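Please find one structure pasted underneath; my questions will follow.
For clarity, chains are labelled A, B, C, D and E in written order, and residue numbers in each chain start from 1.
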Amino acid sequence: MEEKIISKENLLKLCSDLLKNNVDIVTPGEKGYIKIKNESEISLNSKSKHTKASFKEYVFPKSEPIIYYKKNQSDVEIIEPKVEEKTTVIFGAKPCDVRSISILSKIFNWDYKDEFFNVRSRNTVLIGMMCEYADEFCFCTSVNLSPTSSDGSDVFLVPHDENTFGVKIVTEKGADLLKPYENYLSAGNSEKTKAIEASVKQPEKVFDAEKVRQWISGNFENDYWNSIGKMCLGCAQCAFVCPVCHCFDIVDEDYNYYEGRRMKNWDGCQFDMFTKHASGHNPRDDQSKRYRQRISHKFKYYPDKFEEILCTGCGRCSRGCPVTIDIKGIVTEINELAIK
Amino acid sequence: MENKNQDPKIVAFVCNWCTYTGADLAGTSRLKYQPNVRMIKLPCTGRIDPVFIIKAFEKGADGVLVSGCHPGDCHYNAGNYHARRRWIMFHKLLDYLGIDESRLHFSWVSASEGKKFVDVVNAFTNKVKAKGPFKKYENINKEFVING
Amino acid sequence: MQIGYYPGCSQEGTAKEYDKSLREILKILNVDLTEIDDWSCCGATSAHVTSHKLSLALSARNLALAEKQGMKEIFAPCAACYNRLASSKTELQNHQEQKYEIETIIEEKINNIPEIYNIVNFFQKVGKEKITEKKKTDLKNLKAACYYGCLLVRPNGINTDDSEQPDSMEEIVKATGAQTVDWNFKLECCGAAHSIARTDIVVDLSKKILDDAQKHGANVMIVACPMCHSNLDMRQKNIKSKFSDYKVIPVLYLSELIGLALGLSKKELGIDTHFIEFDLPIKNNVQEEVSA
Amino acid sequence: MKIGVFICHCGENIGRTVDCARVSKAAGFFPNVVHSVDYKYMCSDPGQNIIKQAIKDLQLDGVVVGSCSPHMHEKTFRKAVADAGVNPFLCEIANLREHVSWVHDDMDVATDKAIDLVRFAVEKVKRNAPLKTIQVPVTKRTLVIGGGISGIQAALDVANAGYEVVLVEKEPSIGGHMSQLSETFPTLDCSQCILTPRMVEVYQHPKIKLLTYSEVEKVEGFIGNFKVTIRKKARKVDDTKCTGCGDCMQKCPIKKKALSEFDENLTTRSAIYVPFPQAVPNIPVIDTEVCTYFKNGKCSMCKKVCGRDAIFFEQEDQMLTEEIGAIIVATGYKLYTIDKKPKNSEIKGYGEYGYGKYKDVIDGLQFERIASASGPTSGEFKRPSDGKEPKKIVFIQCVGSRDESKGFSYCSKICCMYTAKHAMLYKHKVHDGEAYVFYMDIRSGGKMYDEFVRRAIEEDGVKYIRGRVSRIYEENGKYIVKGEDTLAGVPVEIDADMVVLATAMIAQPEASKLAQTIGIPYDKYGYFVEVHPKLRPVESSSGGIFLAGACHSPRDIPDSVAMASAAAAKAMVLFGSDMLEREPTIALVNENLCAGCFYCKKVCAYNAIEVKQIFDRQGNFVKEVAYVNSGLCQGCGTCNATCPSKSIELIGYTDEQIYAEIAALM
Amino acid sequence: MDDIKTVAKELLTSGKVNAVIGYIRYGNDKRTKPFIAQKPEDVDKFVINNFILNNLAVYLTRKEVSKLGKVAVIAKGCDAKAITALIQENQIKKEDIHVIGINCNGVTKDFDIDFNSENIAGKCLNCDVRTPKLCDSLVGALADIPSGEDLKLKMIRGVEAKNAEERWDYFEDEFNKCIKCYACRQACPLCYCEQCIVDKSIPRWIESSATKRGNFSWNLIRAFHLAGRCIGCNECERACPMDIPLSLLNRKMAMIAKDEFNYDAGTDMNAPTLVGSYDLKDNEDFIE
C-alpha cells in the first residue's frame, strides 16, 4: 500500500479540482452527509461525532424509480430507468461508515445483481479518515472493525497534524482518482502514521460476535426479547440511519391517468406493516418479534450467509433512538446470557 | 390538439344537493361559464377530505374549488359545519406551507344559485388563469418523471 | 400598569379638575398614563354632523398615532371622546373599504387599533379591589346617583355594558364604600351643548334629572362626562332661580369620588372649583385640610 | 370488467355543442371500455334497448351513460340496466347536458370536457360495488312529544286512523299554552271551551296511551323502528287509585308558598296540586321543592285525608320503553322573559321596561290570565300591584321580536293579533279605559285577521301608535311610558296604569337538548328545522320524525292544528306499507383497522355510529370499534372524511372511487 | 426524589397497578430512558431530573403495554395533556391507568447536553402545566427554572413573515430531508391509528416514497391530522433523525386552534374535540 502526505492546502485544491471536473463530493456535515458545492465545506475533522444518518443514500437512495410504465387500452409499456454514471467521492467518512459499502455489496450481488446499487458503488470512490471520536454508543471493535482501519476505503487519511494528512492509497480506484493530482502529494511518512494510529483510543470490545450468534441460534423464543419489545416504539429510524440496513419496499405510483412508476423505497423491519401478509396475517405481530428479527438479522442470519456482521458498530441507531434502546447494550447483554 | 384552452386545470369538489344542483340550474338556465372546471360529485361537503385536495394538486390541478350548501341548509343537518371547521384548519395550514391561497377556493352555492355558481366558477377560473400553472407543485411532481 | 391617555380638549379646559383628580388618584393606584403625542380633537358632535368622513378621520388619526406609539390600550376620560374613538374603531374594523379610504386621508396605516377605555372600563381594568384596598375615607353615608349621560354606553354594541340599563358605574362606586340609588334617568339627556345657546332647555332637562335622583334618595350625583358635569353643576344655580323650592345637590366626577375615598382633599381633587358648594356627610380618617 | 359507454345526443341539446361521436370514440379507448356508442335519445325506449342489448351481447358488467343530469334520468338508466340483469348501482351518469352542452359554446372545448367527464364516470363505475336497497320493517305506533294543541291534534288524528299513539307531556296536565288563554282571535271564542273536549277525548281514546309528567329520555333506532325511553316522573300520587276529588289540595297547609305556573305566577297554589281545574288527567302531583314532608318529614296531611290511600311518598321516577315507528315533535314554545339576560345567550333583554321590577308591567300570557274568566281576577281587569282597575293600559308589541340588537331577528307572528285582541277585550269590559298600542307595523295576514285589527282600532277605539318605547319608569303610582310616535314625528309620554309587553315567542329552552336526543336539526334560535321549507315543511331531516306547531317556528292555533294534522298524515303514509326501502349509500367500518377514536360518532348527525366491542376467539376483549347502524345512516360521508385512517367508508362514494376520479383528471 | 419511588413502590406492592412506566438513568448522567417496572424493587432505578425527555403516554396505547393490565405512568404536565387527549379520544379509560404527575422543573432540548437557559426545551418556556392538570398522585417539588428564548416561536414568526413562495421553498427544503422512517409518527402519543393513512394502499392518498411529492403530502397530512390534537410535547421533532423542524407545523396548528376556536388540546377530558364538533359561529370569512 502506497503512502503519501498531503497538506491541507493541497487537499482543498484537490477537492476544488475534482469539483471542477464534474465529480460529486459527499462529506459529513452538520446535517448529515452532504453533497458540497465548494471545497471549503469539506470535513477534515477526525474528532467529529457521527452524522445522524450514514451516506447510504448515495449508493442506495431512499427512494428511486426502478420501472416506468405507460398504459394504453390493453397494453402496458415498460421503460427502464438508467442510473447516471458519475463519479462520486465520499470524503472523510469514518472507517465504520466506509465498511458499509462492502457489506452491502454482498446482499446486492447475491443472486440478483442490483444494477442500481452496482452502478453507483462502482462510481463511488471512498476516501476514509481515521476516527478519533468514541462515545458510549461506539463499538466498532466488537464487530471486528477499528477506528484506524482502512478496510473498505479506496484512499485513507490519517491526520498528522492540523495541516498535514497521511494518505494511504488502498485500492486501484483510489490510485486512479489521485493520479492526475500527483503533484499535490509528497512522500509519505508511514512511521508517523503508525505512531498516530497506535495512539488512537479504541472503544472497548464488549462482546464476542460469535458467542452472540450462537446464543441467538438457540434462543428464538427467549423471554429476553419481550423486555426490549415492550420498550420499542416501532419506529424505524434505527434502520433508516443504519449504514448497512438495506431492506426496501416496492410500490407503484401513478403519475397521471396513463403513466406511472414503480418505486423502490427504504423500509424497516420494525414496522408492523413490514411482514403483514395480504391475508391480514402477520407473522411478526408484536414488537418483540420485530426487534428479535433486527438483532438476529444483524448478528446471525447475515453472518450465517455472508460471513459478515450486518453492523459496523457506529452506534447511530442507539444515539438517535427516541427511547434510547442501545444495540450495544443489548448485544452485550446477550453476550452475558451466552456466557451464563 | 385535444387540450385547446384547457388550462388552467381546475377540480371542483361539490355536494350533490346544493352546488351540483346549482350547476344543473345554471345549465337549465343556459348560463355560460368557463369550461376549465371538472366537477366531482359527493353526497355532502362533509365527505370532502383534505387529502382529496392534495391529491388533486398532485395530479396537476392548478386550482381546487370546494363548494356545498350554505350553513344551515345542509341536507344532512351538519355535514357542512363539520366541513367548515376542517377547512378553517386546512386552508390556514396550506397558506402557512406556502400554497397560494388563491389556488384553493371555498364557497357556498345553493341549489337555487345557478347564477352564483357561474360567477364563482368564472371568477375563480380567471384568478387561477392569472396565476398561471401551479409551478411549485409541478416541480415536486416532476421529480423522477420518466427519464429512461 | 401603563396605559395610553387621550385627554381630549375639556381635560385641559372646562374639566381641569377631572384631569387633576384623575392624576392624583392614579398616583395612589400606581397607574401611569402616557399621553398620546400630538393628539388632536376627537371631532365631538360638530364633526359628525358636518361630515361622517371627517368624524372618522379625526378619530382615526388619534388611533393611528396611539398604535404607532406602541399603545395597546388607551383611556379617554371624556365620554364624548370615548364615544367618538370607540365608534370609529368599530366602524374601521368592520368596513375595510372605509378603512382604506381613511388611511389615505390621514396618511397613516391602521392595523391593530388599541383597546379603548372610558372611565368606567378604565377602573374595571385597574381593578375595583385596588380602590377598596387603598380606601381611607368612609363614604357610607353617600347615596350616589350614577349618571351615565347619553354617550358613555352608546351606541349599543361598542361597550360591554347594557346600553339601556347600565350598572357598571355602580360597581365602581360601591367599591369606594358609597351607596348607590336605583333611579330612572341614568341615560337621560342633560341638554349638552345647548348649555350656552338655549340655557332654558338645559335648565329644564337638567332639573328633571337632578329631581329624579333626589326623589330616589340620592345625596350626590356621580358623572363621567365633562359636559354632563358642567350642565348639572353650573346650571343648578339657574334651576334654583327658576324653581325656588329646588334643593341643590353636589355633582362629582367619578374620579373625584374615588379621590375622596382614597383620602385626598377637596382641594387636591379640584372640587373646590365646582359651582355648587357643599359639605359631604363623610368622615375622613386623615386630617381634612383647614382651608377646605 | 367490461364497461359500455352510451353517449346521448339529447336530440340537439347535447349534440349541438358536444361532438358526441368524438366522445364515444375517445371513450372506446379507455381501459376496460369494450363498447362505446352514441344515440339520439338514450332515455327513449329504443335508446334503453340499445343499452340492454349491449349488456346482453357483450356481457357488460358496468355502464356509463353520458346524458343529462343524474338528478334527471339516473333512475331511468339504473332501471334499464337492472332489467338487463346488471346490478343497477353499476351504472354511472356523466352529466353532459347541464354541465357541458348547455353552458359552453365552443364545440372543441365542450367535447374535451365531455370526454373528461365520461372518463371520470368510467373510472368510478369500475370501482362501484353491486348494492342492494335496504328493506326495513315498520312498527305502526306513533310517539307524540308534547300535549299542547298541536300534540293533541296529531295524536287524535293518528289514533282515529286506527294506529296506536303514545302521547308524552312533561307537565302534569295536557293542554299547553292554549289552556291558559282567555279568548282566541279573531272569533273571540273561549279557548278552554273549545280545547277541553279535545283533552278529554285524548284521555278516553282507546288507542292513545297518555303519559303526563313524563319526558323523553332517549331515542334509539331509526325510521319505522325507534326504541324510545320515557321517564315517568314521580307524582308521589298513585294514579291508579286517585279519583281527583281534591281533598288533599284543600287540606294542604302550604297555600301561599308556591307560585302557580298556570297563572303565570300571578297567584299561588298548594304543594299538592293540579295545575288548573280542568286538568287532564285530573290527578294531582306533589311539588317536592315546597312540600314540608319532603323538606323535613313533618307534614303528611294529604296522606291522612286521602280516602283512597293514593298518596305515595316513596314513589320514584319510572323508566318506560316504547317501540315506535314515527315520532311527531310538538313541544311548543315559551315566552321570552325580558327582565334578565337569558342564560347562555347574547340577548341583552329590556331592563329599561322594568318587567320584574314593576308589578304592573306584565307579559302577554299574564294578561291572558287576568282576562280569563277562570283566572286570578275571574276575568275582571285588576292590576296586580293594588287590585285597582287600570284606566290606561299601554301595549307594546315586538318586545324581543324583530330586534337584532336586543332580542331576536324573527317576527313572532302572533303578537299583532293577540295584542289587538287584548286591547279589545279590555275595551269591552272597561268602557272608559284607554288602550294604547305601540307597534312597528301590523302583520295581520290570515282569514279575518286584518278585519279584526281594524275593528279594534275603528270600533273599539284602541289607539295605535307607530313607534318604539324607550323607557318605562314609575312616578306616583303611574308608569311613565316614553316613546316616539314616528308618524307624527313627536315624542310621546303616557302615564299608564298598566303595561303589557308582547314578548317574543321563543323555542323551549330545552329544545336543543331534545333535538340532540332525537337527532333532528335545530336553527340558531332553537327551533326545529324542516327538510324543505316549501315542499316538505313538516318533516325533519331525520326519517320518520315529523314536526308540528310552534316548536318549528312561531305560529298561531289554526296553523299549529293544520301542521299537526299534516304531520299525522305523514306518519300514516309511513304506516301505509309494511316495509321501508332505503338507498344503500351508507357507511361501513373496517373493523380490523378501526382504532376506536370515534371521531365518526362525534360528527354523525344521525346517531348512526354505535360502539361495538371486539373479542378474540378465546372471548377476550380486544378493542372497541365503530359500528354503523344501517337503518340510521343517511350516507353523508362526514364520518369517512373525518376518519384519520380511512377505516370507515361510504359505500357508493368510497375513497377508491373518488381517488379514481381525481386520477382521471388529465 | 424518594417520593416517586415510594409512590411507585406502593402502587406495585398494593397491587393497584401491575406496572409503572417511568424513567431510568442511562449512560452518562445527561440521558435517561423509559423503563417499565413490574416488580417493586425495579422502581429503585427510577429517576426524575431535567433529562426525562420522553413522553411516556405514548406507551399507553401500545398493545405490548396494554397487555400488562392496569399501569401507572409518570407524567410531566405536557405528557398528562396527551393522556387527557387520549381519554377524550377513547383510547384509554381514566380508570384503567394511574397517572403519577410530577411537578416539572423543565427538561433539556435533547440528551447529552447540560440543562441551562440555552438548552431548556422550548415547550418548557411559559409552560402553564408544570403541575399536571390530570394526575392521581403528584410527586416532586417545583423549583425555579431557567428562562430562555423561545427560538421555535421566533422561527414560526420568521416563516410567517415570508411570502407564500418563500414559505413553500422553505418547507420544500425541510420536507425534502424526510426519509419516511416515521419516527415522528411512532414517537407521537396521539398517533395511535391501527393503520396509518400513509400505509393505506387502496387508494394510496399519500405516497410512501421519500420523494418531494410524497414527503410534502405526508408532512402536510400529518400536521393536519394532529390539528387541534397536538399537545406540544415535541417528541416527533426530537425523534426525527433528519432534524426536520416539525414543531413549526404542529405548534402553528395549535396556535391556529387557539386563535380560531380558543381551543387548547389536552386540557379537558370531557370537552368536545376540535374536529368532531362545530360552532354555528365558526369563522367563515374565507368562504364565498
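Definition applied: contacts are C-beta pairs under 8 Å (C-beta built on N, C-alpha and C of every residue); 3 or more make two chains touch, one makes a residue touch a chain.
Just so you know, these numbers come straight off a predicted model, no measurement behind them.
With steps allowed only between chains in touch, the distance from chain A over to chain D comes to 1. The set of chains in contact with chain B as well as chain C comprises D.
Common neighbours of chain C and chain E (chains touching each): D. Between C-D and B-D, more C-beta contact pairs join the chains of B-D. Centre-to-centre separation between chain A and chain E, using Cα means, comes to 31 Å. Chain D and chain E have Cα centroids separated by 44 Å. The mean-CA centres of chain B and chain E are about 35 angstrom from one another, to the nearest whole unit.
With centres defined as mean CA coordinates, chain B is found 46 Å away from chain A. Of all residues in chain A, those that touch two or more other chains are 63, 256, 263.
Counting only residues that touch two or more partner chains, chain D has 524, 592, 603, 642, 655, 659, 663, 665-666. Within chain B, contacts with two or more other chains are made by residues 55, 59-60, 72, 78, 82, 86, 141, 144.
Every pair of chains in contact is given here: A-B, A-D, A-E, B-D, B-E, C-D, D-E.
Interface residues of chain A, counted against chain B in their complex, comprise 63-65, 68, 79-82, 255-256, 259, 261, 263. On the side of chain B, the complex with chain E involves touching residues 50-51, 54-55, 58, 71-72, 78, 81-82, 84-101, 105-108, 120, 136, 139-141, 143-144. Considering their complex, residues 59-60, 141, 144-148 of chain B touch chain A. Only residues 159-160, 162, 164-172, 197, 205-206, 211-213, 216-217, 220-221, 223-224, 227-228, 249, 252-253, 256-257, 260-261, 274-278, 280, 282-284, 286-288 of chain E touch chain B when the two sit together in their complex.
For chain D in complex with chain B, the residues that touch the partner chain are 69-71, 95, 97-100, 102-106, 108-110, 112-113, 116-117, 120, 520-521, 523-524, 529, 531, 541-542, 585, 603, 605-606, 634-638, 640-642, 650, 653, 655, 658-659, 661-663, 665-666.
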